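Same chain, two partners: chain A is paired with chain B first, then with chain C.
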Partner chain A sequence: MTVQRNNNWLRWAVPLAVILLLALLPAASPDIFYLSIGVILFMYVALASSWNIIGGYSGYISFGHGAFFGIGAYVVAVLLIKFGYSPFLTCFLGGILSALFALIVGYPVLRLKGPYFSIATLCLGLAVPVLVNNLPEAVTGGGQGLFMPLMKIDIFLSRTIYYEVMLVLAVGTTLLARWILNSKFGLGLNAIRENENTAETIGVNSTVLKLQAFVFSAFLVGVIGGIYAYYRTYVDTATVFDPNLSIAIVMMAIFGGSTTWQGPVIGAIILTLIDQVLISAFPGAPAEISRLIYGLILVLVIMFMPSGIMHFLLNKFKHSSPPETANEVS
Partner chain B sequence: MTSGYEILQDLAGGIFVGFAYALLSAGFSLTWGVTRVINLAHSAFALVGSYITLTLLKTAGIDPLISILFILPVLFLLGIATHQFIVKPTAKRAREITGPSMVLTFGLFMIVENLLAIIFKDDDRVLTSQYSNISFHLGPVSVALTSVISLILAIISLAILYFFLNGTYTGKAVRAVWQDRQGAMLSGINVEKVTSITYGVSFATAGIAGLCLIFMYSVTPYIGFSWLVFVFLISILGGLGSIIGAAVGGMIVGLIVSAGSAFIPLAYINLVLFVLLIIVLLVRPSGLFRR
Partner chain C sequence: MLEGKNIVKKFGGLLALNDLSFKVEKNEIVGLIGPNGSGKTTLFNTISGLYKPEGGSIHMKGRDITKWKPYRIARLGLGRTFQIVQPFEEMTILQNVAIGNLYGTGEMDIKKASANAREILDFVGSKHDDNAMASELTLADRKKLEIARALATKPDLLLLDEVFAGLNETEIKEAIALIFKIRDSMGITVFMVEHVLTAIMKTCSRVIVLDYGQKLAEGSPQEVANDPKVIEAYLGGAVCSK
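Our next item is the complex of A and B:
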């Protein structure tokens, strides 16, 4: 019993200590390189956690979240350049516009199931940048993209600001995702994932629930995209609507274990670090080698832990949870 | 100005390209249907076919059409190996395979793509064979010999695939496993063997599709992703697992891409295809041609 209480106490104290340490890291004036890695790392944690609300909990695997990210980024860039509004406020507007867009496309697209949904969202992610590119050039800067003014402060300080903001976003989205998972909303989404028809017969309004999850997830991703745009100080359709971003988020969440709230965090941390380590480990080697190893890791991890790392760990350490049922397919 | 001849020319081009994509999609929907695996690496294996042809021609001067004899066994074995060593072990451990399969095969996609990039370097390759630079006129339309060869190759392959699935015992077993895995097992079908063969056939057709495409386009190791988008569109438009559906879907997509470029900016074509996809999915979720 005491062991269990200890565990509960540790469960809060350890993550809190880690987050505090991370938040205080800039005070130790590290190399700017580490702050930049921190920004990217926290961004992916936040993105994967946000994605997981629709992709993991309800099982609707979206390959189009890059569209929401890019919309948020463009809203922030345009409002900063045209009106000089601060990105730290307008990022929420970016989120709202992403959410609105998600509402409009989500209504028809969420009627599709399984891989059909995934493919439709993939095409969505490819179609939106085309639309943005063809908006009036005065607004979106056309093919050249938009350059934003830099913050007029020391670069270390500005990096620290981005670092802290991204950390807040990462912790915030993770806590939100955790809260949702244990709420009635999250339970409904889980029911949809396990069996949508059965969920409906026991009174889960799947149409509304899925749409809410999709829109909320898009809102969070839009906000993150807005902050990222200011961090880069430059947006164009190729960078903020990169299809690789949409795919990377999915990989991270599933890799870590998309049915849990911790999974996307773990997946984002591991895959981002592997990416960074591989780049710095073979500085002279062509990028192909590091990407090859990255692919190899994806294959090996999914082969041995198809439901993700977190699920694997839970099964290993919690004997109470039911063992994974074998799949009859192949 | 776009003249009537140019439109005809574009339409012809669309049919040539469409059938190559149709062949690529047929194999993709086969593994999707039989094992519920979304094989994102499918187009990467098509590229393996393209590069086999290129390499054989360049190093040994082997005719691109003869290289089919190399592509077929190599990709058939690659397919069986992928099933035996990667897909099957994963499916045994997984509760549900479709989600993990996308990460798994994307990893595989990265492996194949980057191996090709390491071996063949990141530049455009064009197939220059004895068939290149020959064209003839069909009425007002000028047609390249390579496009015709590619078209014939794709149609023959699709026909063989159709005959295999509908006329042979093994092919019928593949369809049985697709429809009801347990039912197939109960009727004495060796499900594991049939699934392996499905992967072999799927990869082999991908390799031939790669050959068809290299007849018409230059390739780089990174072109796989853009092929994949067409594969998705065609598989869904035509309906999963329907060979005729794949052919028609391929033709529609090919025609839209090539004819569309005569009327609207190329960038908008993705948009048109996306809207078309959504409409088809909402009106006929199982595709234009139900199995």
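Our next item is the complex of A and C:
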């Protein structure tokens, strides 16, 4: 029994300590390179956790979340350049516009199931940048994109600010995703993933639940996109609507285990680090080499752990634990 | 409790339900039998809102539910199980039942829903660890789980689609006892599709026989079993007329 209590205590203390250490890292004035990796790492953790609310919990695999990311980014850029509003406030407006867009497209698109939904969202992710490119150039900058004024502070300090903000977003979205998974809302989404018709026959209003999850997920991704835009200080459709981003967050969540809240976090950390380490490991070699190795690792994990790392770990743990543990709880 | 009037359901050119009318009264246990493809499961899917009928109407508890979505019908008080059992495989037994309680009754508190789910699992006689995954269960236990999940929505009417199929004799005896318990101690009306005739004889007060989407006969299990039209439908017209 005491072991149990210690475990519970450790379950909180260890992540808390890790987060605190990460938050204090800039105080040790590390190379700015590490802060940049941190920004990207935390961004992907936040994106994968946000995506998972619709993609993992309800099983509606969206390949179009880049659209919400880009909308958030453009809202922040336009409002900063035209009106001088601070991105740290307007990122929420970016989230709201993304959510509104998700509400409008989600209503018809969420009627599609399985691969049809995925294909529709993939098209969505490709169509929105075309739309943005064709908006009046005075607003979106057209093909030129938009340059934002830099923060008038030391580069290390500004990097530290983005680092901390992204860390807050990563921790915040992860806690939200965890809370949702254990809520009535999350259980309903899980039921939809397992069998939508059956879920309906026990009172789950799947139309509304899916839409809520899609809209909320889009809101979070829009906010993150807004912060990223200011970090880059430049937006154009090729960077903020990059289809690779849509695909990367899907892979991260599934790689880590999309039915759990920890999965996307683990997947985002591992894949981002592998990517960054590989890029810097072969400085002279062509970029294709690191891409090849990255792809190989992905294939191997999908072959041997098809439901994701987290699922694999949970099963391992379950089978290796002695049978008495189940009775010990009571 | 439940009344269908002149229900018509088509799949392309096929008339799956042809001008079918029926009634289920409160506290009855009514059986629905018929040869394969006669429309039994189609009728259940139409009642629960998964299929929309092309004609006719369905009333439950005095409300016209013909055009309602499944989740609304469920919240009004209709529970059902499936012929091919469909528990939520990657969720625990307790979660499966708790979801029924949360969404079927409007319960908001997960702890309360879990406590209710626990009671219902005891009621149906689940012998498993609540935290076992539904995918680990045997067929008989999956069927119990489906009944528990449906009961957790606190229904007034329960549609059971072939709960006895694939069970051994001991399991059938248990299931019959459970159906009576559901009716008598929970006050739930039962409407069941069944192929196991001995089970029908023991449980149902009234049996409706379907053939080609139409009502072929109706009456006590004895009456129906001796009805020449029913025997012909089961053995095939050609055989009988020879």
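The working rule: the second predicted complex is superposed on the first by the 318 of 330 C-alpha atoms of A that agree within 3 Å, B and C clash if a C-alpha of one lies under 4 Å from a C-alpha of the other, contacts with A are read in each partner's own complex, and residues count from 1 in each chain.
We take it that a residue touches a chain if its C-beta (ideal position, glycine included) is under 8 Å from a C-beta of that chain, and two chains touch if they have at least 3 such contacts.
Because the structure is predicted, anything quoted here is derived from the model rather than measured.
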Clash-or-fit label for the pair chain B, chain C on chain A: fit
First, second, both or neither for A:254, with chain B first and chain C second: first
Which of chain B and chain C A:81 touches, first, second, both or neither: neither
Partner chain in contact with A:306 - chain B first, chain C second, else both or neither: first
Contacts of A:119 with chain B and chain C, given as first, second, both or neither: first
Which superposed partner A:270 touches (first chain B, second chain C, both, neither): neither
Chain B versus chain C - smallest C-alpha distance in the overlay, whole Å: 9
Intersection of the chain A residues that touch chain B with those that touch chain C: 326
In the complex, chain A residues that touch chain B: 59, 61, 108-109, 111-112, 114-116, 118-120, 122-124, 126-127, 130-131, 133-134, 243, 247, 250-251, 254-255, 258, 286, 288-289, 291-292, 294-299, 302-307, 324-330
Interfacial residue positions of chain B with respect to chain A in the complex: 32, 35-38, 83, 86-100, 102-104, 106-111, 113-115, 117-118, 122, 181-182, 191-192, 195, 225, 229, 232-233, 236, 265, 267-268, 270-271, 273-274, 277-278, 281-282, 285
Residue ranges of chain C touching chain A (in the complex, touch as defined): 48-50, 69-71, 74-75, 79-80, 82, 86, 88-91, 95, 98-100, 102-105, 108, 110, 113, 129, 131, 149-150, 152-153
Chain A residues within the chain C interface of the complex: 182-184, 187-188, 190-191, 194-195, 197-207, 259, 326
